[in-house]
Amino acid sequence: MALLEGRRLSKRFGGVQALTEVDFAVEAGAIVGLIGPNGAGKTTLFNIVAGALPPGEGQVVFDGWPITGKPAFRICRRGIARTFQVTRPFGEMTCLENVAVAIVNRRPDLGRAAWGPMAMEYLEAVGLGALAETAAKHLNVIQKKRLEIARALATEPKLLMLDEVLGGLNTQEIQEAVGFIRDLRDTRGLTVFWIEHVMGAIMQAAEKVIVLDQGRVLMVGTPKAVVADERVISAYLGT
Amino acid sequence: MFKIENLDVFRGETQVLWGVGLEVAPGERVAILGSNGAGKSSLMAAITGLLRPRRGNIIFNDRALVGLKPYQITQLGIALVPEGRRVYKGMSVRENLEMGAFVRRGRPRLKESIERVFGLFPILGQRSAQGAGTLSGGEQQMLAIGRALMSLPDLLLIDELSLGLAPRVTKEIYAALASLGSEITVILVEQNVELALRHSERAYIVESGRVTGHGVSTELIDDPDIRRAYLGM
Amino acid sequence: GADPVKIGVVGPRTGDAAATGKAFEEGIQLATAWVNAKGGVLGRPLEVVFEDTAGAPDKAASGFERLVTRDKVAMVLGESHSSSALAEIEVANRLKIPFVVVEAWADPITAKNYRYVFRAGPSNSGVVNETIAKWVQASGFKKAYIVAENSDWGLGIAQLTEAALKKAAIPYEQLVTERKSQDHYTELTKIKQFGPDVVLAYVYGTGLHYFVAQAGEVGLTPKAVILDGAGPPSLWPDYWTNVGDYGNLECFVSSMHEKVELTPLAKEFRENYVKAFGKAPTDYKSRSIYDAVLIAADAINRAGSLGAENLVTALEKTDLLTTRGKAKFGMEKGGPEYHQWMPPMLVIQWQDKAQTVLYPPEAATGQLKR
Amino acid sequence: MLALSLTNGLVIGIVYALTALGVSLVVGIMNVVNFAHGEFYILAGYFSYLFAHTLGIHPLAAMVIAVGLVFLLGLVVEYTLIRPTYGDDMYSLILTFILSIVFQSLFLLVFGPYPNKPPSWIKGATEVFGLFHYGNQRLAALAAGVVVIALFFAMLKLTWFGRMIRAAAQDREMAELNGINTTRLNLLSFGLGCALAAAAGVILAPVFPVTPTAGTPVALTAFVCVVLGGMGSMSGCVLGGLVLGVVENLGAAYVSTGYKHVFMFLILILVLLFRPAGLFGRREV
Amino acid sequence: MVKAIDNRWWLAAAVAGFAALPWGLGIYHQHVLIVSLFYVMMTASWNLLAGYTGQVSFGHAAFAGIGAYASGILATKVGLNPWLGVGAGTLAAAVFGFLLGVLCLKMGGIYLSLTTLGFSEILHIIINNEYEITRGTMGLQVPGLIAEYSKLAYFYIFLAGAIITLAVVHRLIHANIGLNFRAVQNDERAAAALGVDVVRVRVLAFTVSSALAGMAGALYGHYLLLITPQIPSLDQQFLVLSMTVIGGLGSFAGPVIGAFGLEILSEYIRAYGEYHVLAFGLVALIVARFAPRGLVGVWKQFMDRRRPAA
């Protein structure tokens, strides 16, 4: 059964039709890639699922619950965590506190003594342990992306939605990151829904890829099938 | 005519460009390629003065641009078509174009320029009194380009021309641009690699805020590395 | 060379009613000069400490307390806001300091019968029953309209007026208006529909100017006559600038008139005032405080010391000729007459920018014009 | 009664609109709410009084000088106080709030507590449509208000400066890219906002003489108009002013005169509840 | 750990020293201290909202007014014990704060400022019009909190009130909810995505801050024995705002320093009569313009500059 399902989602911004009747499904325990050219509507789709944007038409169902139009914090507490394409750290707060925000809203009973070490674990998991007491505004782009992931993980989600987390990494780093994400699925049982332009990474990790183009689903298939598809090539290369 | 040397750019506390350098000859069309977040838009922002570089030089027609304000740079003859078009939605098409001609060099030839833009994009002529917010995405892109041309720039910067546009519309706009010939120098930012290379003479590749390669477009288009990097094939 | 004897004055020097503070200042200056020229009090110079109340009761109360605890004044005079005075009498009573209220008209100030509280000035019921109601009757008005600003003073005096008109069987209607409102067209139209021949306006300050001017614009006046139930606003320097020709034939209550001088002292006051400030006195409150300082100096001299009990006894025995007549405090307990001296009030009409006294008949200098 | 309430509502509404336009302009371009707006209005009233009355200059000339001086003062305030707070709209709010109190106490010291009224332009009253009497000075103020508003809109629509303003209000950065010196535009539009307040002040002072503290209600009403019309929308703000004026006068006529000004806030609260982007504003995504 | 205990001892010593202070002072100075403590309650609670969640409310004085009038009216009309009245006033302010918060905090920012301003205006009109109940500008005379009027007793009551207020503020900003405050102030969309109920957090801050203002107002009314529209006035709001800004917006100690500093200063410059509001305003303006973080900010900057040298 699908953990997350979207039915006939549409969204307009003034004159721009960002999504048109999009149907999609993300199966529990899977890594599902979402690709498509710039402006195809990928981030918009994420925003609607996560409640950051009011939906246009259509429905989103998560774990059997309709979550369409619910406020972002409720969706988060239901078990969906997301990262932002342009990172949004709490600049004036330390990395540790950034992660703590995610923890204390899940477990209000915890005091600093309890959440401190927990937050530290998440930071260490993404390799930011040494920067725990640094204000987030001092991080570089890549560190900020890691912090986003740590914060997302700290909400203890069932579904993790990643929006272009590999941008700016070199080949070596991409390999490590892909390993890390697969690990999340394998050891923590997370489902991952992942927007990425770095096709190589999606090819390696995803079981299924959804391709969006101009707000419509162009095709759905295995990574292999997708990159071989004429329509996809033309959408990307623009013949 | 245009040269960037060793440019370091920060957004807030975060560095987004490292030692970027490039060079453009008069009348040339140069493409900047790179994946999301590579720093292409930041480069545009630095050239136009929206971001102030920490180090490095930008030279345009023998003038150093670093430290100048955007409005001063525009007055010197550089126009940007920004990512996401950013037309003035509450103003009519004509008023948008007039705003483009705000600069000193543009105003005296306002009427003439408007005619030229309407010639380039006839649909804008038909919609001249319509509010820009009600235009389709493609029309807005045409308007954004038209507005940039209104300032009679020597150098035109276009960020993500094809973003969110149907291929047919994209083609139309590129055709219109091509018809301008070599009277304007163009720097083109584009994620659609093939389109970019096809409509440029040379290209620079930006990755993670660094220039990692450059070459003649017709050669790059067949480069297997490029194809692999951008399609994962 | 001797240490001065300090007495306090409370009044608004800032805020909406700062005009009163100005008038008080002038009166204080003339009165202290007068007293000190006559040898001061107890052989020492008299000094007045003027504390700002900003027209706010809480500031008034703490200002009063400050005069007593910090400046160690022997007694306190002044006040022109009933709200502030009501707060201050509590402090006076608690700290056992004689307090002579001057221009706060609310009845309860003396009706509370506090031992340390006196009033050498009008009370609402005094003004309404002794002056306004009698004037309305004597002038033969048929239909009256009461307009009250929504303040304690406005609403309180309106209530007393209603009772008086009822008793006199004069038909009336009543309306409350927003104190700070600058636009009275709606209210005036309502009034005009009722068709009164006299409008008793209890609106203090600028509000009155707007009211008079706009009443002219909508054509309520000159069919009806407006009475300014407070007085000073009709005498403020910008009255004529603000109301223009519509100010003509307006009536107001006052305890001072340029021609009618009830005592020789009043004449002396006027001369000294002109000498000191180069203009004729307009706001009668400068003279009210002047009288109060004289009463205080007299009481201190008769008491022979600054002890509160002695001062109260001396005040109770006051029998002093002031600018407004002979000051004498009532001693009958139970009502607002206790410790109260009600100076005579006049009803005056502006006739071609000259003041004509209409009431009481014995002081009248002319006839009501319509 | 009804006819008078409606007329009076329109007159007062135009006045509200005129004062609110300046606020709306500054909010739209700089995202700054100028809390001291009312004090600029009052200051202009004082100036026109001062020049016309004390110095004996022709009233019209006095008005023009007053508006000019307030404009200059606006420039100074922008340069010294507002400019350093760009991007922090809360801080500019706090600063202008303090500024308004400073102005009020200065007015009290310099001009005293009495109301000051510049000379009327015209005397008497007119019987309107045979229904009611209406002060001529008010009718003149209405006419002047309409003229100023019309001139302002013509300026927005027809001049380069107006186009600059509209462009910058929609997208500052893009306007800068089109060659507009937005720092200077801020300076000028803040000055212009103050000048609009001043225009309202000089037009109205003959009707409603100015006092040191009369600015606060002026500013408050202006803010309510701006919210009603939708932040930054100039035409919305004019409509907001008219709605306010009419509702207040109908409320005073038929419900309660004492609660006249509460109707204004009731509308505000209803609008915030049901149409947060303002009665005439479009919701932003 | 050792340091924490140290701090606690310092704090206890400071409170004890402060508690002993009025014994050496006359009535007048005791009064000044009491009023200062009232302003500490006001500034600290306003700072919770403005300094820690970035919401500038112009209705803080109005909430003090609600607390004062609720308690005062109950005492005079129903004969409720003033102590219970203070509780009722606090509750009333909390309820109004909650409702107003729900109404306009979804939009936040400038809307909150304008709505609270409108709210305080409405309150004024109501107080003036419902003269029968509120006694309008004449003020409502109310009983005191203690049978025998004593400045000393009031001093300790206000000291307790200030300590309660500061303790509540301290606890909140150092507890989990304080993390949420800052997260919301930094980036509300990101906060929402991490499970922070943004509207609730804001409404909570607003409600608590209003309730504390209500308590301060109720206590103040029973101290002055007279409740007037001056308590919920814009002038009062101006004082609270200036004190906080001059002391240091968004710092814990700032409002306390500002409240004492400015109240005492204003007692001194009161001698200059009409100039004192102006002087006050100019000081506030200059500090706000050149030291936006207030005196505390200036001190921190000074210390930071000294440290590397040492």
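As written, the chain order gives the labels A, B, C, D and E, with residue 1 at the start of each chain.
Just so we're on the same page, a contact is a pair of C-beta atoms (placed from the backbone, for glycine too) under 8 Å apart; a residue touches a chain by one contact, two chains touch by 3 or more.
What you see is a predicted model; the values in this text were computed from it and never measured.
Common neighbours of chain C and chain D under the contact definition above: E.
Ranking every chain by how far its Cα centroid lies from the centroid of chain B, the top place goes to C.
Across D-E and B-D, the chain pair carrying more C-beta contacts is D-E.
Averaging C-alpha coordinates per chain and comparing to chain D, the farthest chain turns out to be A.
Averaged Cα coordinates give chain B a centre that lies 53 Å from the centre of chain E. One finds 42 Å separating the Cα centroids of chain B and chain D. Here the CA centre of chain A is 76 Å from the CA centre of chain C. With each centre defined as the average position of its C-alpha atoms, the distance from chain A to chain E rounds to 43 Å. Within chain C, the positions touching two or more other chains are listed as 14, 18, 150, 176, 178.
Residues of chain A in contact with at least two other chains: 14, 91. For chain E, the set of residues touching two or more other chains reads 125, 128-129, 274, 277. Chain D meets chain B in the complex at residues 160, 163-164, 166-167, 170-171, 173-183. If you check the complex, the residues on chain A that touch chain B are 14-16, 37-40, 85, 91, 137-141, 144, 164, 167-170, 197-200, 202-203, 214, 227, 233-234, 236-239. Taken together, the chain D residues at the contact with chain E in this complex read 33, 80-81, 84, 89-91, 93-95, 97-99, 101-102, 104-106, 108-109, 216, 220, 223-224, 227, 231, 256, 258-259, 261-262, 264-265, 268-269, 272-273, 276.
Across the interface of their complex, chain C is touched by residues 1, 4-5, 8, 12, 53, 105, 108, 112-117, 119-120, 123, 125, 132-138, 208-209, 211, 213-214, 217, 249, 252-253, 257-258, 260-261 of chain D. The part of chain A that touches chain E in the complex is made up of residues 50-52, 71-73, 76-77, 81-82, 84, 88-93, 97, 100-102, 104-106, 108, 110-111, 115, 151-152, 154-155.
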